[in-house]
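Given below, in the form of C-alpha cells, are the structures.
You will see chain A twice below: alongside chain B first, and alongside chain C after that.
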Partner chain A sequence: MPTVTIDGCKVTVKKDETILDAARKAGIWIPTLCYHPAVPSDASCRLCMVELDRGDWRQLVTSCNYPVRRDIVVYVSSERAEAARRGVMELLLARAPESGELKALAERMGVYETRYPNVTESQRNCILCGLCVSVCEQIIGKAAIGFAGRGVDRAVAAPFRQPSEDCIGCGACAAICPVGTIKIRIHADEQEVEISPFKSRAKLLVCEQCGALVASKQVSEQALTRSNLNSEEFRASLRLCPKCRRLQTAGQLGAATFYKK
Partner chain B sequence: MTLLSNKRLSSIAELDAQRKELLSSRAPSTKSVYVCTGPGCAAKGSPKLYELFREAVSQANVDVEIRAKAVGCHGLCEYGPIVIIEPGDIFYQRVEEPDVAEIFRETVLGGRLVDRLLYEHPATGEKLDTVDKIPFYQVQQRVALAYNGLIDPTEITDYITEGGYSALAKVLSSMTAEEVVSEVEAAGLRGRGGGGFPTARKWRSCREAEGSPKYVICNGDEGDPGAFMDRAIMEGNPHSVIEGMLIGAYAIGSSDGYIYVRNEYPLSVERLKLAIEQAKELGLIGENILGSSFSFDIRINRGGGAFVCGESTALMASLEGRPGEPRAKYVHTVESGLWEKPTNLNNVETWTNVPAIINRGGEWFAGIGTEKSKGTKVFSLVGKVVNTGLVEVPMGITLRQIIDEIGGGIPDGKRFKAVQTGGPSGGCIPAEHLDARVDFDELTKLGSMMGSGGMIVMDEDTCMVRVAKYFTDFLQKESCGKCTPCREGLAQMLYILDRITDGEGQVGDVERLEGLAELMEGTALCALGKTAANPVISTIRYFRDEYDAHIKEKHCPAKECRGLFRYEIDADACKSCGICLQNCPAEAITGEKKVPYVIDQEKCTLCGTCWEKCPFAAVLKV
Partner chain C sequence: MAQDDKIIEQIVDRYDADVGMLIPMMQDLQAECGYLPLEQLHSLAKQLSLPLSRLYAVATFYASFHLAPKGAHEVTLCVGTVCYLKGAPKISEAISREFHVETGGTTRDRLFTFQAVNCVGACAVAPVMIVDGKYYNGVTPASALEVLYGLGKNETSVEKDGET
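After this line comes the complex of A and B, so read on.
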C-alpha cells in the first residue's frame, strides 16, 4: 500500500485512492465543491488544488481525482497551494456573490472578499460544479438536466431550457448543490413540488390520513421499483405522510393506547 | 493509367514488382502540368484551371503523353494559383483562366517560356523561371511536404511510384516492433501537434500498457485560426499519413485506427476516404497486410466543431460520442484513452514523418535540426510578410531567415514588430529575438511555443495590447467552460484588456493580468486554460511600454485603439483641397483656399474618414 506524506504527516491508502482520501484519513482539511463521494470526480471546480512533489519541481494537482499509485509527497498548506485555492475561490465568489454557503466556505479558507468584479453570469449564483447533473444522471437515472452552451455561456439547464418532462421532483440536485442555488419549492395549493431554477414541477402525493404533502408520485414509484419492496402493504404505507406512517406502525404493534396517552 | 487493376497485393515482392512496372512505364518524355489545388490556390480558382488544362489535353491531338494533375499545396499561396510544367520545372504564378491556352501552346507544346507569368525576384526584379531559383524554396527543406505538389493525391499509384508503402514493406519484412520504436527514437521525432512530446516514448508506453484492443489515432482537427499545415498534408499526400499510422500501429500492437478530421475540411475527408479505399483494394489496409500477420483498419471521424476538440482527451470523448470536453490526464491516455483502452494519439504531421524516417533511417532525420529538435517543421506563414503560405524548414533555422528569406520581409517599407508563433495560445516574439532558432525549447524559453506551426508576422502598425486581446477573446470563446480558472479567468482577463484598449485601464491592471495568468497556468484543467495567458504574458514581457502608454498616458502607440490617438492635419502636406472638410460627418474641419485645414479636436468623433479620404496623406494619426 502506497504512503502519502501530507504536510509531513504519513498515511497509507489503497492503490488508486485519491490524495483527498488520504488527507481525510489524516484529518487534514482540503476545501472542495464539485467533489461528492456519491459520484465520480470531474475535478472541474479546481478548488482542491495541492502541490505534488515531483523531485526537482512541484506540480499543482487536484486532490479529489489524483490517484495514488506509489509513495508520494504532497503539500496542502504550502504558500503556492494556498494561493491557488484562494485564487480559484475568488473567481467563484465573483461569479456567485450571493451564495451564503460559498461565502462561508471562503471564510473558512480565509478568503473574505474577492478582487474580481462580477463579469460572468450565465446563471445566477451557479458555480457550474456539475454535481446536480451527475447525481440526476448517475444516481437518479434521469438526466433531466445537463450542461448547455460553452465557455462563459455554459449553464446547467434542462433540454431547450424548458421545464423537463423527465424531472421526477426528487430534489437530489438541490440536496447535493454545494452553494444552495438549487432550491425545492412546495406549492401547497397546487400540491406540486417545483425544482428551482429549472422550473420543473411534479405532483405530490397527499397523505390519506392527515392531508399533508408527501413525496412526488414518480419518486414514490421509483423508490418502490428500486427497493424491491413492491408489496401492496408497503405501497399503502407510502400513501401516508411520515408522521401518520409512524402512528400506523405503532398501532399495528399494539402500542396505540400507550402512544395516545 | 491504372496499372494496378485493383489487385490485392499479397506479398512485399508483389508491391515491389508493381512499383518497378509503374516506374518503367513512366516515359521519360512525358510532359506534366501540375496545377496547385491547395487551399490558397483553390480559393483563387485553381480547380477551374485544372479543368481547362484537362480540356486542352483532350483537344490537343499530339502524341506526347500529357498529364494535367490536381496536386496539393506548393506554399507561396500569395502568388497563387501556381502551375508547374515538367520537364524543366517551369514555375508560373498568378495564372488566370485566359492564360491556360497560352501556357499550353507556348510552354507545354512549344517549350517556350511565358515571361509574363514568371516569378520576379523580390529584391532584384529578375525573372526566375524554375522552382529551385526562387528564394522562397531555396531555404526550405521538405520532408513532410516532400511530395506535396508532385503526386496526385487521388492516385495511389503515384504514391507507390515515388516509393510509397516501401517503409511499411520494410517494417513488415525486416523489423520487430521494438526496432521500429528504436528507429523513431534515434530520429528524435517529437510531436508536431503542439506539445512536442517524444513520439517514440509515447509509442513505447502504449505498447507496454496493459489492455486490449489498443487504438491509434491521427489528430487532424487543426483548429488554430489561419493554420492549414495538416490540411495541406491530408489533401496533398493522404497516403503518407496512412502509411505512418500503419507503421505506428505495427510498433504499438494495434489493429484499430481513427483519423479525426476537422469538421470544416470536407475535402480532407474525401481524399482520405479515397486513399483508404484504394489502400484497402491493394491489401495495404485490412487483414494480413502484404501477406504478413499484421492487420489494421482505419476509420474516419469528423470533428466536433470546437477548437478544444483537438485536445487529446476531448478528442477521445468526442470519438466516443460524448461532448468534446477534456478530462484530467493523471492517468495517461496511452494507458487509458479511447473507451478506457491504451490509445496512442499523434498529429497529422507527426505521422507523415514516420515513413521517411523508416526509409532513410533515424540517423538521417536526426542529422537535421538542433540538439533536441530534429527534422523539419511546417509553418503557416501569414500576416505582414510579402510571401505568405505554407513553408517547411529545417529545425534550427532562425526566425529572421523565415521572415526575410522565405517571407520576403515586411511589405510597404514598414518595420517588423513581432512574430506570433504557436497558435492562439502562443506568444509574441519581438525583433531583438529574431535570431532565435526554431526549436521547441528555445521558443518556449522566449515565452512562446512551437505549437502546431502558426506564424503570424506583425509590423509597426500593430497594437500589441490588441493582439493580446484578440487571442484572449478567441480562447474565451473556445474555452469549454468546464473548469473555473479558464472559464472565469479568461473572462476577467478580457474585461481588463477591454478597459485598457478603451482608455479606461487602471494602474495595477498589468499586475492583475499577471496574477490571473499565474493562477490559470497552475490550476486550469487542460492545456487550453494552462497556456491561455501566453499571449498576454508575452506581450507584457516584451511590450510593457505599450500597456503603460494605454493605461497611464491614454495613448495607443500603434494608433490602433480608437480614442487613444488623435487625427491632425500636417500643415506642410495639406494642399487645401477641401476633400476632408466635405467628407467629415462631424463638421469638425475648418479651412479655406491656400491655408492648411485644421481639425477641431473637441468636435472630432475619431471616425477616420478624413484619414481615408485625404489624397495627399496629410492627415496624420498622432
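After this line comes the complex of A and C, so read on.
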C-alpha cells in the first residue's frame, strides 16, 4: 500500500485512493466544493489544489481526483499551494458573491474579499461545479438539467430554459449544491414543489392522516421502482408522512407485543 | 406531426441509431428544417433514449446550431483578429443599431440572420462581410448598411435569385 507524506505527516492509503482521502485520514483539512462522495470527482472547482513533489520540481494537482499509486510527497500548506487555493477562491467569490456558504468557506481559508469584479450573468451565484448535473443524471437518472452554452455564457439550465418535464422535484440538486444557489421552494397552497432557479414544478403527495406535504408523486413512484419493496403494504405506508408512518409502526408494534402477552 | 416523426426516423436510421453520431444527426435535422425545432429535438431524444438536456447542451455549445428559425438572408461578419483591428466592431455595432439585431440573432421581420465569426480566411481584404455566400471586402459601417438595406428593397427579386 502506498504511503502519502502530507506536510511531513505519513499516511498509508489503498491504491487508487486520492490525495484528498489521505489528507482526511491524516486529519489535514483541504477545502473542497465540487467534491461529493456520491458522484465521481470532476475536479471542476480547483479549490482542493495541493503541491505534489516531482523530485526536482513541484506540480499543482487537484487532490480530489489524484489517485495515489506509489509513495508520494505532497504539500497542503506550502506557500504556493495556499496562494493557488486563495486565488481560486477569489475567482469563485466573484462568481457567487451572494452565497453565504462560499463566504464562510472563504473566511475559513483566510480570504475576506475578492479583487475581481462580480460576474453579472443570467445565472449568477453558480460556480458551475456540475454537482447538480451529475447527481441528476447519475444518481436520480433523470438528467433534467445540463450545461448550456459555452465559455462565459455557460450555465446550468433545463432544456430550452423552460421548466423541465423530466424533473421529478426530488431536490437532489438543491441538496448537493455547495453554494446554496439551487433551492427547494414549497408552494403550500398549490401543493407543489418548485426547484429554483429552474422553475420546474411537481405536485406533492399529501399525508392521508395529518395532511402534511410529503414527497412529489414522481419521487414516490421512483422510490418504489428502485427499491424492491413494491408491496401493497409498503405503498400504503408511502401515503403517510414520515411522522405518521412512525406512529403507525409504533402502534402496530404495540399491538403485536400486547397480543403476545 | 406524423411527417415530422418520419424525418427523425429517417435521420436516426441513416446512422443506425448510434448515439455517437448525435452531431451529424442534428446537422441533418438542421439541413432539413433550417434550424432545430423543439418538437423535433424532443422526438430525436426519445428515439435515441437520450435526455433532452444532452441535446440542448450540444445545440447550445456549437455556434453552427440554431434553435430559432433563420432569416431569409444570411449575413456573416468576420470579427477575426485582422477584421477586428480594421474596424469590424464598428460595423457590428452599426448593424445591431440599425436593424435592432444582436449577433447570432434574426431581425424581427426575418429579413436576415446576423452572425459574427472568427476569421473567414480573407484577412488581406479585411474587414469582410458575407451576405448569402457573397463576400464583400473592405467594408465600412456605411457600405455594410447599404448592402443590407439593398436586401430589404429587392426582397422579391432576391428571393427568386436566391438559389443561384
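The rule is simple: the second predicted complex is superposed on the first by the 251 of 261 C-alpha atoms of A that agree within 3 Å, B and C clash if a C-alpha of one lies under 4 Å from a C-alpha of the other, contacts with A are read in each partner's own complex, and residues count from 1 in each chain.
Basically, a contact is a pair of C-beta atoms (placed from the backbone, for glycine too) under 8 Å apart; a residue touches a chain by one contact, two chains touch by 3 or more.
Just so it is clear, the structure is predicted and the values come from calculations on it, not from any experiment.
When both complexes are overlaid on chain A, the residue A:80 reaches chain B alone and has no touch with chain C. By the touch criterion defined above, A:241 reaches neither chain B nor chain C. Of the two partner chains placed around the shared chain by superposition, neither chain B nor chain C is touched by A:193.
Judged by the touch definition given at the top, the superposed model places A:137 against chain C, while chain B stays out of reach. Look at A:147: by the touch rule set out above, it reaches both chain B and chain C. By the touch criterion stated above, A:158 is placed in contact with chain C alone, chain B being left untouched. Judged by the touch definition given at the top, the superposed model places A:68 against neither chain B nor chain C. Within chain A, the residues touched by chain B in the first complex and by chain C in the second are 147, 149-150.
Against chain B, in their complex, chain A makes its touches with residues 42-47, 49, 60-62, 65-67, 80, 83-84, 87-88, 91-92, 94-95, 115-117, 119-120, 127-128, 130, 147, 149-154.
Those residues of chain C that touch chain A in the complex are listed here as 38, 41, 51-57, 60-61, 67. The touching residues of chain B, counted against chain A in their complex, run 306, 323, 327-328, 330-331, 476-485, 487-492, 495, 512, 515, 519, 522-525. On the side of chain A, the complex with chain C involves touching residues 137, 142-150, 157-160, 164-166.
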